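Per-chain numbering from 1; labels A, B, C and D assigned in written order.
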Amino acid sequence: MKRITILINCNDKEGIIANTTNFIHNNNGNIVYIDQYVDRENGIFFMRLESEFKKDTFFLSNFKEQFKKSIAIPFNMSWEVYEAGKKTRVALFVSKYDHCLYDILGRYNSGELNAEIPFIISNHPDLKPIADSFKIDFHHIPVHKDNKKEAEARQLDLLKKENIELIVLARYMQIVSGNIIAHYPTSIINIHHSFLPAFVGAKPYHSAYKRGVKIIGATSHYVTEELDAGPIIEQDVTRVSHSHSINDLVMKGRDLEKIVLSTALKLHLERKTMVYNNKTVIFT
Amino acid sequence: MKRITILINCNDKEGIIANTTNFIHNNNGNIVYIDQYVDRENGIFFMRLESEFKKDTFFLSNFKEQFKKSIAIPFNMSWEVYEAGKKTRVALFVSKYDHCLYDILGRYNSGELNAEIPFIISNHPDLKPIADSFKIDFHHIPVHKDNKKEAEARQLDLLKKENIELIVLARYMQIVSGNIIAHYPTSIINIHHSFLPAFVGAKPYHSAYKRGVKIIGATSHYVTEELDAGPIIEQDVTRVSHSHSINDLVMKGRDLEKIVLSTALKLHLERKTMVYNNKTVIFT
Amino acid sequence: MKRITILINCNDKEGIIANTTNFIHNNNGNIVYIDQYVDRENGIFFMRLESEFKKDTFFLSNFKEQFKKSIAIPFNMSWEVYEAGKKTRVALFVSKYDHCLYDILGRYNSGELNAEIPFIISNHPDLKPIADSFKIDFHHIPVHKDNKKEAEARQLDLLKKENIELIVLARYMQIVSGNIIAHYPTSIINIHHSFLPAFVGAKPYHSAYKRGVKIIGATSHYVTEELDAGPIIEQDVTRVSHSHSINDLVMKGRDLEKIVLSTALKLHLERKTMVYNNKTVIFT
Amino acid sequence: MKRITILINCNDKEGIIANTTNFIHNNNGNIVYIDQYVDRENGIFFMRLESEFKKDTFFLSNFKEQFKKSIAIPFNMSWEVYEAGKKTRVALFVSKYDHCLYDILGRYNSGELNAEIPFIISNHPDLKPIADSFKIDFHHIPVHKDNKKEAEARQLDLLKKENIELIVLARYMQIVSGNIIAHYPTSIINIHHSFLPAFVGAKPYHSAYKRGVKIIGATSHYVTEELDAGPIIEQDVTRVSHSHSINDLVMKGRDLEKIVLSTALKLHLERKTMVYNNKTVIFT
């Protein structure tokens, strides 16, 4: 069997589901999962479809051509088709914190991620031994005031050379350049160490401590030009109390950060995320 | 517009979704929501569909007849169709605890429940003043060793007279008779004051205290012949510590119980629950 | 036995615990619970002590005088002593939403709150029937642009006449006047329908929906002059998704609001809250 | 400054706190934290005290002797004194699952654990490369029906040679021998992949799936002779739905398991756990 995932969004209209499912059926496909959502306020339709086809009679390029002609163009859809099992090529960006890196690489190692990770980029050399122990290339590209253009060029060069499709900022403590963001729309995942939109900016645990909140959080989102304001993929929280020092918050926060970032990464790799109007539709 | 909800389950086969959505489309219906799930282990297909039809050309009985002939019989489906907005007739059974009763009646009063509650049955007279304050009939039907048959007969009589479709046991401290259970398959909702299957039986908070658990829970489930073993609709939990007395657990538990029971009730009223093999499919 | 609770805060110094516990011991008291915390950053010491004394040899006024002389003055303490079982006099302020009101009155009725609630004030007449059904006085005091001074005067008059010690804003949709806040420092509890500091202001669920957050919350805090910025007593959160409409968020939020507000109220009534520097120390 | 932690339990009596804090004060110590709890049902008193002393005038052995004579013997206490900063010697037992191992070693590497980990024991060779990458000795000791005594002897030999104080079963898929349990009372920490006491035994995710629960959990506990019944240190849970396959439950469960086990380990290392009557007192 060949399994594909189709992601669709378009203006809401009658007959989209019937026509699409009919098309699949008439092409000898079996629909395995269907997830669908209508944003009634904005009149936008979203659908995620997993279908299975017999291996010997299914040709992806042919299917896509037919789908485009019969369904996508008539309904004026934005759409994508993914083959199940095809691994997404991912680059990790890190700095000095290692908890998110260990979490991702541990999962990678045990086959939990449908991804290929050819290299890690870091603005500091500290985490190279971890990359080595997992046998993944590590590129130390320092970034400072005077070499920003040059660093970005080296980054882009590596990303291009290895056909990277997704960038994961695993506590990368630098702002990614607008140029890279433009090359990777809704394809850069960041972890912010607070429950956004509370505590944007650089020192959220200090702010949370100062404000005396009883719950702290972490937020994984796609990176957009506006800092800490991109569409949210996943969030989680945990309880804290007055008795926790800032250092306690940092340590509790790390446990959130790594799980939330890895969960967001997996949702993306399984094509369960769609973005519109700076919001996400997450099919879980 | 007329809105209906269709619930379907049958053996999994190719073409169910395409045929069903096609049928709706061809009958000038618009599919608003579609939720679908396949139990791969047992090869069973589940679907929940909300569709809208033009008021003046849609006749429910006619639609059902066509659906039966064209879809339900060919695919050998179990199926039900519900009209949106039609209120379910609900009876509440209570004893002496009032927190679940207040929670349900408060929601009922503010229009949160798509239900009609004609009466409350209790084996104790204590909560009558609450029923009075909400202007709902209160029937005190004591139950003891020697009057079980008679009490059951009075209960069934009331249930029948008022065309009750759903029974909610809001901390009713009596075992419901097998006869009533037989009359109301997957139509009696109970709240158990533990995280089932942990701590079945009568004194779960005492058991949880004794075992030293760090989390307590509540479970809402459909009532079946086997005690505390019916299909689970909703569960929730909260943290506790050694410093909590049994009485603290009871009070924390009450907050769980009322929210979990009301959530389960709402899921049922919105036709988001399906049952098979003693498990539930909950479309949220 | 006579049980008292002592709340203490002062600059941190050696010997506070030893001297205080020694004092209690030498006065024939038995320490039942001791909760203690040092804010190391600001060098402030906090303690909550529950002690039991023999009824016939313990005189509160005498104890307080001795404590002041021997302990409180030497350590330059802020301190308070409460007799266990003495009920706090509480006024509820409401508007049109009834879920928090039902939750508080349901608990009040079943004896869960160590409080006396002589009356409810509202700027709308809608919830009077609920007050009536619980047999609590209901004062309808409309507030609009032109009668603010007069409304405040009526409110203060009632508060004074009934010796109110604590005000609970149970979704009161008016800003409490600075004059009343000045009369009730850290004695007005509000429920804000968001996870503060995210989404301050009037329509948090709309903002949360627009931002696409995956978790919504509620925050109970003491009211201070600065809107939505007072010290936080309790917070809780629940998961939401893109599929929830604003109305769904509102309904899910209500379940949070009522539990969070009632929890905060109980913490205050049990003297488990202390405030400093706009933060709370909550001994749970 | 020298910091020590004192753990005490004894029958509840008047004057324990006063006498103990007084003793510390008179020995020129400053009490930094005090956590205390009385199990009223069984009349048992628990206390955890952190105190600071001037380095040059404090001698631990002298302090312990005085404490024993003046406090511990008169009150008939069970007691222990720990020097802050002294690392606990820990051995890890693993089999084939690597998520808990990565989580612990990642924390170990970044200095989060107050521990020394001289070696890892496994009944399978699979995880040796991970041990190598963290430069920790790895001992492959296969266990099967016919070599149980011999395997146990090798394990005990290693444990003794390296002065191991704590054993962590990081998803070790073998039952630890009664002999080892006897050598390490409340010093073997296990992670069970369910919310105990629900789903004891070997395949909890299969049981949870079959029962249709809406929440799954993980439990970390001290190992006792009775399987899965030892005192609980930490638990956590996460939501699941009908749409999750057993494999999904396993993956979601892993995220719980590793955080719960590491949290329990840290609580033990910080001397925040006390055990009595098969229950734990956890001072957090």
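For this structure, a couple of remarks:
In this section, a residue touches a chain if its C-beta (ideal position, glycine included) is under 8 Å from a C-beta of that chain, and two chains touch if they have at least 3 such contacts.
The model shown is predicted, which means the values in this text are computed figures rather than measured ones.
The chain pair with the larger count of C-beta pairs in contact, out of B-D and A-D, is B-D. Annotation: 36 Å between the Cα-based centres of chain A and chain D. Per-chain Cα centroids separate chain B from chain D by 42 Å.
Chain C has residues 284 in contact with two or more other chains. Viewed as a contact network, the protein chains are fully connected, with every chain touching every other.
For chain A in complex with chain B, the residues that touch the partner chain are 14-15, 17-19, 21-22, 24-26, 30-34, 36, 38, 239. Every residue of chain C that touches chain A in the complex is listed here, in rising order: 37, 39-40, 195-199, 210-215, 217, 231-232, 234-237, 241-243, 245, 278-282, 284. Chain contact summary for the complex, chain C toward chain B: residues 98-99, 102-103, 106-107, 109-110, 112, 133-134, 251, 255, 259, 262-263, 284.
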